[in-house]
Amino acid sequence: MRRSAGWRRWWPEAAAAAGLLIAPFVLPFLGFSPDTVNRIVVWGLFGLGFDLLFGYTGLLSFGQSAFFGTGGFIAAYLLTKNLIASVLLALCIGTIGAAIAGVLVGLIALRRTGIYFAMITVAIAEVFFFVENSPLSDYTGGENGIPGVPAPAFDLGFLKFQVGTGWSMYWFLAACFFVGLVIARRIVASPVGAILVAIRDNPQRVQALGHSTGAYKLVIFVIAAAYAGFAGGLLGVLQGYMPPDAFTFDTSGQLVIQTVIGGTGTLFGPLAGAAVWLYLRDFLQGPMGLGNAWRLGLGLIFVLLVCFLRRGIIGGIRQLFARPPAPAPEETPIALAAPTLVSVGPAARRRVPENGHSGPILQAQGLTKRYGGLLANRDITFSVEEGELRGVIGPNGAGKSTFFKMLTCEVPPTSGTIRFHGHDITGRGVAQVCQLGLTKSYQVNQLFVRLTVRQNVTIAALAERRGMFKPDLLRGLHRVPGLDVQVEQTLALVNLSARADTPVAELAYGEKRRLEIGLALASSPTLLLLDEPLAGMSPRERAETVQLLRNIRRGRTLVIVEHDMDAMFDLAERITVLHEGTLLAEGTPAEIQRNSFVQEAYLGGVAAA
Amino acid sequence: MTDSVGRVSSRRAIIQGAAAGAVATLLPGTSRAANEPAIGTYPAGSSGDTVFIGITIPRTGTYAVPGEDVLKGYQLAIEHLNAGDPLIRMISPHTSKGVLGKQVTSGVADSGAKPNDAVQNGSRFISQNKAVLITGSVSSAEAVALNKLAQREKVIYLPGISGSNDTTGKDCVRYSFRECFYGQTAAAAIAPVMVKNIGKNKKAAYLVPDYTYGHTVHQSMEQFLKAGGWTTATAQVAPLGAPDYSSYLLNIANSGADVFININFGNDAVQSIKQAQQFGILGKQILSVPYNTPFLARDVGADLMAGVYAATDFWWTLEDRFPLAKQFVAAFEKKFGYKPEWGANAGYMQLAMWADAVERAKSFYPPDIIKAYEAGPEIQSTVGPVRFRGADHQLIRPVIIERGKKKADMKSADDYYEVLEVVPGEGLMQAPDAFGCSLGPAT
Amino acid sequence: MLSWPNFFSQFFNGLALGALLALISSGLTIIYGTLGVLNLAHGAMFMLGGYAGFVAWQHTGSFALAVLAGSLFMVVVGVLIERVVIRNFYRRPHEDQILVTFGIGIVLVELVRLGFGSDTVSIQPPAWAMGVTPLGFLIYPTYRIVVLGIAAAALLVLYFVLYRTRIGMIVRAGIEDSGMVDILGINVNHVFMLVFGIGAMAAGFAGIVNAPVVALTPDAGDTILVETFVVVVIGGVGSFPGAVLGGLIAGEILSLTSMVDPSYSEVMLFAVMTLVLVLRPQGLLGQQDRA
């Protein structure tokens, strides 16, 4: 993530270019024919988009054939009907067609995630196949496909170049692949790329941090469709023939298998996987003489890889060269006074439109939440002044969590209103509310466990820097203005600077809790809700976190739900007590401690037991 | 379509560059000499002691069963070629041993009846093995795709099974030659026989697989049966590979048709006929299969096939009529242990006729072989004398109309059909340009 | 072909198709509901069950024995697959589970192809179930009526097992909340193994029962798998009643639309699925917070 020397950042591109350049001189000796190599390149390009979708974003689609076919048939139709002479232009139009199909399918399929998403993509791809095969057969040639797709010719004025078959075609395909690779790598290195990886880990938290998860998912779905469409067009160009089987489930299945064999989340995986698949296909049928059992061999290899080498070939190689995890350094205690952190505060950006509002920062009026017959919260009226540190306490089942979820708009109230800076935010989405400057840290850590500490904080800071959605796909992550500074300062604030490049999975529990708070902090909230920040901590961690809370409250408004009442009485200026879903009492710590209702309902309950 | 083929070939001319291309354009047609230009896999593929034939055929999927039958036909033909067997020398009289004295080797790759895989296999055989010949198909989609590959790569291709009008119609190419007849021909042959045997003014129900081939055969059948005053009660269009035909068959059962014309091929034919029997359709309606599937009778059983009208390329009891058929059936059964179906016959005949063309061309130079084919001399075959038509590369050959025998009438376990008529191909086959064939260049 | 007799015929046929789809889908949905695993090998298990029944039928000539032996075989296969492979995947992401079952499906199909070739094989229904039965408004194959009965009975048995037995309670508790089963102190391992076995059996059982109707090929499971997906998406993943409802709806759509234009039957099915997704994304009887 650090800005590094130019050559270091570009070495994968350079290696890829070198590999593509020498391939025609090396691969024939390994038994690859030019035709096989060309197909590998087309599959590799197809896989670039799929890897972005599955490997990076975690969306497993079994319906990529729909876009592969759409792009391919549009390009092939335009070219064979002589509607367009330029092959590249036809390929681009095909790509756009596939992308449009991607938007339509994405709008339906992305309504669900996980297995639903996988099933829906399978079903929708079936529809595409049917439509190609039957109603549109006058255009697509039905089961016969479209023969006679021409190869590209380039006229540069001084040089005419006609692409032929074999290695001549290879150079054209390799150039396309390289461009596709460079674009894909830029996407991965962009802010969007960072967010996509976070979506794979924990989409809910990405949303809660103020990103429009749905929009990003749709964008990457469409990009994957575009890659598929372009590759489909190339398939037609490569063999001079656009086959209808481009649309079949087998195409999608083969893409999935190849990507997994090669390794997901590497961009090179699909290329490696395609090489293995196509080579073995020939090898098992030819020299091995397996005849029609060749698919069995490949199926077994696939199952074994999924079981034992899920990272695939490229991932496995990477792992071999990976550095062992750094040991945890001795913890330095949290500084008693806040370091120079003035800029990471609500002043960083003001997102609430000014409306001359000068009352409480948060006002909840008559909040009620009903789950079926269960009344979780009843008629709670609650307000917090700017700059205040408010504690919310209550026995188990008092409805604290539901109350918090309503305040951050994670669940809509059954009735009642919530005003933030005087604006009615009732019924808005959690991402929108976070963008306004109201966010929360979770009782149970909601971190991006496969990312490093710095990457985690970056995701949160990006939301504040870029808003809910911005398709800056080709911009470098570190070129987002002010991002790096904000990340560093947040890391310093939660005392994780020394652990910045450690994967979250390797953190100690206390460190994870601090990071959890850091995530919420990095989005520069004006009002921060903390849901049991001290839960499950050792006494030492507790003391440190209390100190942390004291540090971060400067210039912020905090509302803390907590079981640890000693800490609360110590920290908070005012305390709200919930009991059985209703507001029982509110006042200074001293008032609350004296309050007889509270003693009876809460403290007394303990004493009586 | 033709335009793009033209462009493809002009492109090749550029690629082949100075040496080869120049000779080709400077000396058109003067290629009998040793200085024939390089084209396709020539001369690389035939410079050694052996020549390679690339076989791409479905060995998995719906068409795997006919695929294996065709493959066995190829295997027998290659064996006979290399041994100089008397049978193959009846078809290709100039053959001694091998082809032009070179032993024939071959490779087999599974296409799964998918055109993309077929093209992939074909390309590999050409670039890797320098194949002098690519052959094999069970679906017309494969055949059409390979046609175009052959034309582009300038390597001769021979379809195995391909019933679409388009293979030697609008998708015909200079580099491909088809042995079997096709949908329109089948309809033209079987319709009069059905009118003659079943009667005039009948109502027909069609079960049509939803692809180009299915629709063309459906149209052809309707057109030819109209002459006998037949009408259509219903036409049920079902997706390819549908496992359950119940809803279509219910519609057919309720249509009040006299004759049930089932256009499905391969496993779809087997499934739909078995299910039609469950719905009691076969008892009430006479079944007709305008384009018979290899092993259909074996798969659905003699009881269901009794009385069924079908058109086919070859049936083994033709051995009573044609001496070559007798030899072929005997040799095939000896090697593989069962009576050959028409797929095997097509495979065998294709390779034998190719050998004949090569021997007559006295060269593996593809344009010469094509000329030898196009000369169209009479060739002895397992269904009597046949000849290739130069204008669309279709073999003019008879269509066999057969009818399923009752179990009691069967003389042996394989004796499923009686041959009703051997309808001569001449006059049956449409004019070569009826389906818009334009062959494209040989060089 | 719009006429009242044909409408009733197709409606009845839709029931028969739907009952079978419901049976297969319930296997998929029970496995997912309890184990959280989407079994992409379910279509292959449907096919494998058919072949297992075929082998038993060839050796005994008895249809009943074929159904029994085939079903038992599928339980064993299911349990083996769960023990050897699936077990290691509970803690891995959904995507890995999908991938591994996808791979298992390929292996099963190709193993059967290796053993039986690509020829179709079929099982003869018992003699008493052959022929056709006049039902007043239509003539319907007797065996298909039997299939409707068998499928309905099997669904009832499943219902009874799920809602009236201890194991069923545990399975349903698992569907509601997978943490619950742990709290109850039940050996989850055994439950999961059993559920996978039952799910595989439901698919395999349907495969055998269907074998006399539709001849078997190694690829027979492919279409079924996609249709099963549509059924559970319509009905709601993880919901047994949803699978039954979805199955019946799918069966009726396939059948009734064929009266108008049969070539669009399959597309209508997907159109309805899309509609459900837009209007009620969790499926007709699905729970809001699953998946």
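Per-chain residue numbering starts at 1, and chain names A, B and C are given in the order in which the chains are listed.
Throughout what follows, a contact is a pair of C-beta atoms (placed from the backbone, for glycine too) under 8 Å apart; a residue touches a chain by one contact, two chains touch by 3 or more.
All values reported here derive from a predicted model rather than from experimental measurement.
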So, comparing C-alpha centroids, which chain is the farthest one from chain A?
B
Chain occupying the middle, per Cα centroid
C
Please work out the Cα centroid separation of chain B and chain C, and write it as a whole number of Å.
39
State, to the nearest whole Å, the distance from the C-alpha centre of chain A to the C-alpha centre of chain B.
53
Could you put a whole-Å number on the gap between the CA centroids of chain A and chain C?
34
I need the residues of chain A touching at least two other chains; which ones are they?
130, 134, 292, 295
Provide the list of chain C residues touching at least two other chains, using ranges where the numbers run on.
113, 118, 263, 266
Two or more partner chains touched - positions in chain B
59-60, 64, 210, 239
Interfacial residue positions of chain C with respect to chain A in the complex:
32, 38, 85, 88, 92-96, 98-100, 102-104, 106-107, 110-111, 113-114, 118, 222, 226, 229-230, 232-233, 237, 263, 266-267, 270, 273-274, 277-278, 281, 291
Residues on chain A engaged by chain C in the complex (per definition of touch)
54, 58, 60, 108, 111-116, 118-120, 122-124, 126-127, 130-131, 134, 249, 253, 256-257, 260, 292-293, 295-296, 298-300, 302-303, 306-307, 310
Using the touch definition from the top, list the residues of chain B that touch chain A in their complex.
1, 3-5, 7-8, 11-12, 14-15, 59-60, 64, 107-110, 114-117, 119-120, 123-124, 126-128, 139-141, 144-145, 147-149, 152-153, 164, 166, 171, 210-213, 239-240
If you look only at chain B, which of its residues touch chain C in the complex?
59-62, 64-65, 68, 210, 234, 236-239, 241-244, 246-248, 250-251, 253-255, 267, 270-271, 274-275, 278-280, 295, 299
Touching residues (chain side chain C, partner chain B) in the complex
1, 3, 5-6, 9-10, 13-14, 16-17, 113, 117-120, 122, 131-132, 138-141, 143-144, 213-215, 217-220, 223-224, 254-255, 258-259, 261-263, 265-266
